[in-house]
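The data blocks that follow each hold one structure.
First chain A sits with chain B, and in the next complex the same chain sits with chain C.
So, the complex of A and B:
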């Protein structure tokens, strides 16, 4: 009985494994696969909060941004201490700490608020934090941090190259799997039931004695921590620099929203399907119609919301209800 | 000396604040009537800014003449977007209408980028200046100041003295009651969405008179943020609250600039932007119903 709860993780695992193996065996497409994995992971992490609560965090990219800074600061300050791979571990730890702290600060205000007010409170988080870094000249201010040198000095040229070109992407896969697994654990546990009740009717849930705020905070912090990890690997480790306007760019929040909506908000497989569809179409559009991606995707958002609000996986989930597949498609 | 500088900054802040206030009335009107937050607010202002630029550069006319054109463009966009999406989303979860207005904003940005490119573009419309002792005010800014107040007064008169305005207010008070009295509630929703966007787009025209670095398709983002701070200051649902919220915001913004520039370790321009975000969180924390609302 207990194991049955986690059956839906099988298709998730198979999907990521297949993606990874394709990238390993077919030569020359690793970069594309890494991009797809990033979008799937972004969707998984974002979905953990938006999909489960029905709240949109328009400032979500800020958590990736501070996570990127966490790794960048660690490497550029501690590279000469001979920590070995402990350096990377500390970087990830700092990324989590920083994104969790930011989510606590934002959440303390925003999570008391409902719907529209929540969106209003979050929309400035990324801009606000970017201008704090630039205005108060924190962490090198508007110049950002370049740490390719320190990274080479800490690990040697060869290991550093493996870290940036391969390990960083593998971490993204691991984060995506972790995000999916946590989503499933939450879904099948108390958190999921509480958040479903909240999504359906917040007042009723409160009256029934559910501590709505507590579960919202749990989902918010988890989602933020995963975003911090994602920033630390996919941006910091991979690119070896951090530049404030890049890591607080609202486009990434837009992409996360599109991915989750395409796949189906609140579903487990949705972010994978959404991430693959979005990533592949973005890749193809960049070849066929460069510069038109957003112009094409924005109407898609409207189309999905108006006519197809359950998303691709949500739609399949409805169709397979009552068949043996319902244990796997969640 | 510092007193002089502060007085000068506050006068500039008041002038800019009136434009901010007018720029936020549309946001509050739409939220007040439809309970929809226009997350693409800044993008609509950006459209007005580009209309001003085209009026001046292509037609050689004073940019303020674009205000009525911008109002009509905004209303048209409003009716189209209402028909396409908002109409079906009003009764749904807030998530849907938030995402839809967000997507409208992206569409506008991308279309304008397609036409004008993404570089900054500026124009220089100079009519001379006059001195107030502590500061010098260009006539163009005076026109924007007077124009904003005029629009606010017109909206007030329309709302309170005309039949159409009264019908709209009745929908805000009680949409079911209004329906029973024979008011076409659907139409009132569409109309207020259109008027709200008309106001927003025309405010973008006046705003260009304050942007020396020029405009670009992505300029809207932080005006959305400012508009949210202002709207929340004014209680989010009242266009007049928003207007006074704008005045207060203009004063605080220009006053805090002076404060931040007295610290050499800070970059004052970025700090004022950070400060407006902090202000938003503080207001939402202590008085989510707005500072100006007495209820």
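So, the complex of A and C:
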């Protein structure tokens, strides 16, 4: 019985494994696969909050941004201490700490607001944080942090290259899997129960005795911590620099929203499907019709959302209800 | 069971409640009557804690609960049936009821309470697998009340249970409310615009107008007093 609860994790695992193996075997495709994995992971982490609570956080990219800084600061300050791979571990830990602290600060204020007011309140978070870093000359201000040198000095040229070109992407896969697993654990436990109630009707959730603030904060913090990890690997480790306008770019938030809506908000497989559809179409459109991709993309997204208001996975989920597949498609 | 002392609250800068005080005795139905905009719903949501009290005191079974958060009040055996249709429309009736049994104690008594609810509302047993949103207005109201019962309460507040229902259905809903008191032993505080229905069901009545209680008494007395009827109830 208990194991059955986690059956839906099988298709998730298979999907990511397949994606990884394709990237490993087909030559010259790894960068595309890494991009797709990033979008899937972004959707997976974002879905944990938006999909499960119904709240849209327009400042989400800020969590990735501070996570990127967490890794950058760690490597640029501690590289000479001979910590070995402990350096990377400390970087991830600091990324989590920083994104969680930011999520607590934002959540304490914004989570008191509902619906559209929450979205508006969060919209300024990333811009505000970017200008704070630039204006207050925090962490090198607008110059950002470049740490490819320190990384090479800490690990040697060869290991550093493996870290940036391969390990950083593998971490993204791991983060995506972790995000999916946590989503499933939440869904199948008391947290999911409470979040479903509050997503459907917050007042009704309250009269049932659900501490809505507590569960909103749990989902918010978890989602932010995963975003921090994602920034630390996909941006900091991979690119070996951090530059404020890049890591606080609102486009990534919008992409996260699109991915979650395409795949199906609040579903487990949705972010994978959404991430793949979004990433692939963005990639292909940029090749076929460079410059016009956004013009074509907008109507495609409108079409999908009008045709499948529950998202692609949400649609399939409804269709497979009552069949053996319902144990897997969640 | 519940005692409210000079409660003040409102939204933003707008004060809605102007120090009403009220007392609900154990095992009774107390009804707050008044026209639209009198502050009846605000009174309930302030007692429940979703709207924060500005001043005044609220006591439940002798304990000061003025600033106790809503979920803890549910743990103490208090709940609120919201106005209109705060249901989970996309879920089945059964799923709605199960959602009500969120608390630990409620979960333990799930089967017992489910049977109770099905005895009180046989129609919900028939419709258990139907989407809640597809039910009629009266049945949806019953689901909302039933879901509240699943939290295993001893005291429930109802926000305009008759709203938007046909007169015949209103009668049914109020019969159920009386049953909740007599057969289940609940204490009930309800707010209503529908005065006639309340007069028959309630043991004690408060008349509310612009955030104040203008009159209180047993239904017979309120029904008789001409001023109250003309001024506030329009009947």
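Basically, the second predicted complex is superposed on the first by the 313 of 330 C-alpha atoms of A that agree within 3 Å, B and C clash if a C-alpha of one lies under 4 Å from a C-alpha of the other, contacts with A are read in each partner's own complex, and residues count from 1 in each chain.
The rule is short, and it goes like this: a residue touches a chain if its C-beta (ideal position, glycine included) is under 8 Å from a C-beta of that chain, and two chains touch if they have at least 3 such contacts.
None of the values given here were measured: they were computed from a predicted structure.
Applying the stated contact rule after C-alpha superposition, one finds that A:200 touches chain C and leaves chain B untouched. In the superposed model, A:298 makes contact with chain B only, not with chain C. Of the two partner chains, chain B is the only one touched by A:254; chain C is not. Shared-chain residue A:287: touches no atom of chain B or chain C. When the two complexes are overlaid on their common chain A, residue A:211 makes contact with chain C while staying clear of chain B.
Number of chain A residues touched is higher for B, counting chain B against chain C.
Using the contact criterion defined above for the overlaid structures, shared-chain residue A:3 touches neither chain B nor chain C, since it reaches no partner.
Residue ranges on chain C touching chain A, taken from their complex, read 48, 50, 69-71, 74-75, 79-82, 86-91, 99-100, 102-103, 106, 147-148, 151. Remark: chain A residues 54-56, 58, 106, 108-110, 112-113, 115-117, 119-121, 123-125, 127-129, 131-132, 134-137, 141-142, 250, 254, 257, 261, 291-292, 294-295, 297-299, 301-302, 305-306, 309 touch chain B in the complex. Only residues 31, 35, 37, 39, 84-85, 88-89, 92-96, 98-100, 102-104, 106-107, 109-111, 113-114, 221-222, 224-225, 228, 232, 260, 265-274, 276-278, 280-281, 284-285, 288 of chain B touch chain A when the two sit together in their complex. Only residues 193-194, 196-197, 200-201, 203-204, 206-212 of chain A touch chain C when the two sit together in their complex.
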